[in-house]
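Below are two complexes that have chain A in common, paired first with chain B and then with chain C.
After this line comes the complex of A and B, so read on.
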């Protein structure tokens, strides 16, 4: 989230899209309701009517996978009806930038597309620079090749009629949303976007969110209380686990994973450190070399020296352009290329797309280490229904893990608040924290390498590891230390003392930090700030519920990021009633500002979007692989064979794999005419491996069902409560029919399209509750993130003669 | 007066000690009776965080002699203000049933689990890891560049881990040379 949970109460309008917040982030909704009671309009755009819809001002059903068409229509509306917040758009976004004259867009494709490689050469997605190396601008926004005019032209095709025809939303409903939401583009109103996996799990997932960013930038809704683009992160510590990069493509603190072409730290820094020639651009990422050196010092300790590139050479280097995420991992596993691995605290046999493939792939491993609270479809994959366990040659090591309440440490909530949780009770039986297991394993391995040698032993033996797992020692390592006596901010620090803020991190090896965004969370001056329980606020902070003294928030306890955009160039809040920061008597008051500099209009002032190298909010976003403007493309499995915006039916760049288990239905396939979307439940978490083992939660939501409209049920001769088979080219799933008015048929391009919805939390290890819905979903993914398209695929449904998976 | 349940209990607690009856301004007798029967009387209150979605609601665990007596929403935490959803409210029962309590091993082709000690289990895993790593670690790629990567082993998980544990998992994976790293952030 750019903002935080309590801040939702400051919104005047909500666009909840790709999320069912009331059911999946129930406590968030208490803040939505507070705003609604004060007059805010709450809009829910979602295929299904849910408890979120019931509490919203209005619900607008939309065919799954058509969000960009919907939002593209909104951008057109905002621009053409001049609903945008002009001062903000001109001063703080790149609307005025002049784009490379060779940039173009033609029939669904941007300039530079190589259809053989299915890849763009992005060199024309750039800006014209003046003689000093600063982007050329036309602040009147009239230049035909400025971002604003290109954007206006791009979305001119997204007429209410065309958008309606493809999304299944009536033109009246479209205009109702566009009108209500765009009313926030005035500077004194705030609109917030709340989204979740309903946006990310599409082959256009990243562009869904880009489209929301554009809407928010046009309306001046980023960086302000009650605004923002807010990812409602669904997992327990998924913000923290992302910050610490349990991902192939980054190393902690959002630094890129080293690739083979970057052989030295100098190569890495040259390729990764952005340069800006504009003195008013803070270009924060220019500090990247400090964060990398501090990370390497954190990992390799005294073995890391300037002379040996801080052990950078020991790190694994990936091949440029090769993807090592789930989808490819399981594809390589099925091909027999993986020998063993670790699956800690997740249930991929239920939660990944195309579960039949994932389950078969796991059988190809020599060994696997699984750590869990309970038996799950993953821990016990070797004895799943339909396989002969004697033929499964994989060794399984099962490690019992401690529950959150049985251990201590920090987690980071969706609003970036880093929170200490105390250990209440001892772990049950011999269960242990993950930290115990991994530190223990590393010590055994390091001893083996010290005694026996082996392949590149120093990659392990040079690392700095403690003998036992003490969580708070790692909280300190994450924050980082001075490694020599130092002076910072007029204060003396001794070697071994905690670094007070990431401004003190250095590229010369004199500091360490395992994740620079957390530096400042644990200091000599104030101790472990993640334990703070102080609700004290200044009157200004209290008005918007900022809570700066409760726990700690990254970065530098800044509660709303890009907060310099909440004030005009002289430092005056756009909305004085809900001021976030203000420049008073030569200093900032309110939230921790995005950098210490004076307001933008001052000679030493900076632009507000400090993480963008040029300092401006990106209406034109050249950083994504699939285009600088979001464009509507159909899901890979789509019920239509054409759409009104271009001849390019699906994303030209979506990722896919091609094993014999990766079949896809063709567009408009008459055998599979129904759209399937999937979702979570309030009572179950993700793949359900944990919550199905909690009797009261299982009792509340006991088994797999499929929600379908009365019209579809009638067409198929299905009654509410009947057993049904949902099937497609990849799998067959049994479920109980829930015939409901919550799902309505869509009219798409003049024809009826049915959509059904299913939870994905059920699995065979819980007696007869049903099995993985994800046996139906395809291994196709967004080209930027490789997140699977789990929210839209094609199926058919029929009444079951007999059920074997459910009783 | 404006006070939530937990403050109420605290205030009545002091009331029982005869320190501040006037704080309530009400007849204390029925409250005393209620307090005396509270199942959390004499427990230690420890704040934990709900293990599910990233709202990270705070939960007060009441513990007596090392045993969990109850869990309830933390009324002081500014976000959930004492409220919990169905999952958070079920935290107490989560610690009771069906848990894995010992390391277990299932041999190739076996049809059942066998309980093992932590020492045996970690030693065996280290043995497997070292064998694969020593055999499969790729020191140079086709272009002769140093790559030090281990493609045939993976690490996936988890958003269930604390930040400290995530830092450890990442450091370990990169130390081993693992490049297939992923977790729930991608699903």
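After this line comes the complex of A and C, so read on.
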């Protein structure tokens, strides 16, 4: 989240889209309800009427996978009706930038597309620079090549009629949402966007979110209380694990993973450190070399020196252009190209797309180590229904893991608050925390390399690695240390003392930090700030529910990021009633500002979007591989054969794999005319591996269901509570029909399109509760993130003669 | 001081935190349930569920209405169950004078099945349930143990949205009336269900029958003969704490 949970109460309008917040993040609705009671409009746009819809001001059903059409229509509306917050758009976004004259967009494709390679050459997606190397601007926004005019032209195609025809949303409902939400574009109102996996799990997932960012930038809703683009993260600690680089594409603190082309630290820094020639741009990422050097010092300690590139050479480098995400990982596994692996706290046999493929792929491994609370579809894959376990060669090792209440450490919530949690009880039996396992495992491997040698033993033996696992020691290592006596902020620090803030991190090896965004969380002055539970606040902070002394929030305890955009260029809040920061008597008050500099209009002032190299919010976003403006493309499996915006039916760049188990239905396939969307539910967590073992939760939601409209049920002769078969080219799943008024048929391009919805949390290890819904979902993915398209695919449904997976 | 609940269904998100927390606090075992085409599970109150979230949906013109009703004992001001069964077994069914809680103890297992049926039929809200194995009759006990230690009932404690509220009766009624006035602006049919006669006041936004048959009292129009006679022999109200703590 750019903002945080409590801040939701400051919103005047909510656009909840790609999220079922009340069911999946129930605590969010504490704050949503408070805002609603003060008069906020709560809009839920989602294929299904859910518990979120029930508490919203109104619900608008949308065919799954058409969010960009919907939001593109909103951008058109905001621009043409002049609903945008003009001062903000002109001053703080790149609306005025002049784009490369060779940039173009033609029939669904941006300039530079190579159809053979399915890839863009993005050199024309750039800005014209003046003689000093600063982007050329037209603050009147009239230049035909300025971002604003290109954007206006791009979305001129997204008329209510066309948007309605493809999304299945009536023109009246479109205008109702556009009108209500765009009313926040006045500077004194705030609109917030709440989204989750309903946006990310599409082949246009990143562009869904980009479209929301554009709406928010146009309305001046970023950096302000009650605003923001808020990815709802939850119990799986997605926020914390992303910060600490759980994914293959980054190393801690959002630094890119080294690739084979970058053999030296100089290569890495040259390729990754953005440059701005504009003195008013903070260009915060120019500090990246400091963060990388500090990270390497954190990893390799005294072995890391300037002379040896701080051991950068010991880091594994990924091959250029090779994708190591799950989709490709399991594809390589199926091809027999992997031998074994570790799985911690994850149930991929239930959670990944195309479970039949994932399950077959695991059979190709020699060994698997799984650390879990309970037996799951992953730990027990070798004895799953329909396979002869004697023929499975894979050896499974199970490490019983401690439950989160059986261990201490930090979790980072969706609002970037890092909170210490204490151990409530001792782990049962032989269960241990993951940290214990990893520290111990590494020590065993290090000892083996020390005694026996091997290829590049230094990669392990040079690491500054502890003998035992002590959680709070890691909290300190993450914060980082001074490694020589130093002076910072007028204060003397000794070698070995904690660094007070990331401003003190250096590129010369004199500091360490295992994740620069967390520097400042554990200091000499205040100790472990993740343990703070003080509700003290100033009257200004009290007005907007800002609690700076409660836990600690990255970066530097800044509760709302890009908060310099909440004030005008002279430092006066756009909305004085809900002021976030203000420039008073030569200093900032309120939240921790985005950098210490004076307001933008001051000669030393900076632009608010400090993480963007040019300092401006990106309406034109050249950083994504699939286009600088979001464009509507259909899901890969779509019930239509054309759409009104271009001849490019699906994303020209979506990722896919092509094993014999990766079949796809063709667009408009008459054999599979029904759209399936998948989701979580309140009572079970993710793949259900934990919660299906909690009897009271299983009592409340005991088995797999499929929600469908009364109209579809009638067409198929299905009664509520009947057993049904849902099937497609990849799989066949049994479920119980839940016939409901909460899902209704869509009218798409004049034809009826049915949509059904199923949770994905059930699996065969829980007695007769049903098995993986993901046996139906396809291995196709977003080109930026390789997140699977789990929210839209094609199926058919029929009444079951008899059920075997479910009672 | 008598206590009351205010259950604001206009704030309920049906997360069922209350239903689960109730089971956890009372250490009630899980029932074997089945998916039968509804989120409402278990489908009804039972000896292992003192609280069940009831779901009801319909199409109002083009608008979907989905109503959530966290069902539980109303702790009647003048409890018909006590009128009928209060004198059957000493210390089995108690109406606590301090809190207004209606509490059934283990001694209810000495009450016959026939007497239980009378107790159930006297209840205007169809609440009490009997465990056929032990004979014990059970229902929401207002978390009497928690409340007598100054805590709120666990369902209230766990509610994230302010749908479940608990406190001194007068304050709760003020809260309910203030909220009703506000909600009526959006839902003209909004009402407080039987506020004068129960300690658990529901705010309903729609026709009560759209929620659930027993969302409001179903047999308050006339007492049957058994209830009439039972009332004649009504025991004096006791302090439950004296009975429960022996």
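FYI, the second predicted complex is superposed on the first by the 805 of 807 C-alpha atoms of A that agree within 3 Å, B and C clash if a C-alpha of one lies under 4 Å from a C-alpha of the other, contacts with A are read in each partner's own complex, and residues count from 1 in each chain.
Criterion: a residue touches a chain if its C-beta (ideal position, glycine included) is under 8 Å from a C-beta of that chain, and two chains touch if they have at least 3 such contacts.
If you're wondering where the values come from, they're calculated on a predicted model, not measured in any experiment.
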Inset, instruction - Kindly classify A:683 by the partners it touches after superposition: chain B alone (first), chain C alone (second), both, or neither? - result: both
Inset, instruction - Go through the superposed model and pick first if A:460 touches only chain B, second if only chain C, both, or neither. - result: first
Legend entry - Touched partner set for A:30, first chain B, second chain C, both or neither: both
Inset, instruction - Figure out whether A:700 sits in contact with chain B (first) or chain C (second), or with both, or with neither. - result: both
Legend entry - If touched residues of chain A are counted for chain B and for chain C, the larger one: B
Inset, instruction - Considering only touches as defined above, state whether A:738 meets chain B (first), chain C (second), both or neither. - result: second
Inset, instruction - Could you say whether A:407 touches chain B, chain C, both of them, or neither, answering first, second, both or neither? - result: first
Legend entry - Touched partner set for A:59, first chain B, second chain C, both or neither: second
Legend entry - Touching both chain B and chain C, residues of chain A: 26-27, 30, 682-683, 695-697, 700
Inset, instruction - Sort out for me which residues of chain B touch chain A in the complex. - result: 46-59, 61, 63, 66-68, 71, 76-81, 83-88, 90-91, 93-95, 97-111, 113, 118, 121-126, 128-130, 132-137, 139, 141, 143, 145-172, 174-187
Inset, instruction - Would you pull the chain C residues touching chain A in the complex into a rising list? - result: 11, 13-17, 19-20, 23-24, 29-39, 41-42, 57-59, 64, 66, 68, 160-162, 182
Inset, instruction - Can you check the complex and tell me which residues of chain A touch chain C? - result: 22-23, 26-27, 29-30, 33, 37, 49, 51-55, 59, 682-683, 695-705, 720-722, 736-742, 806-807
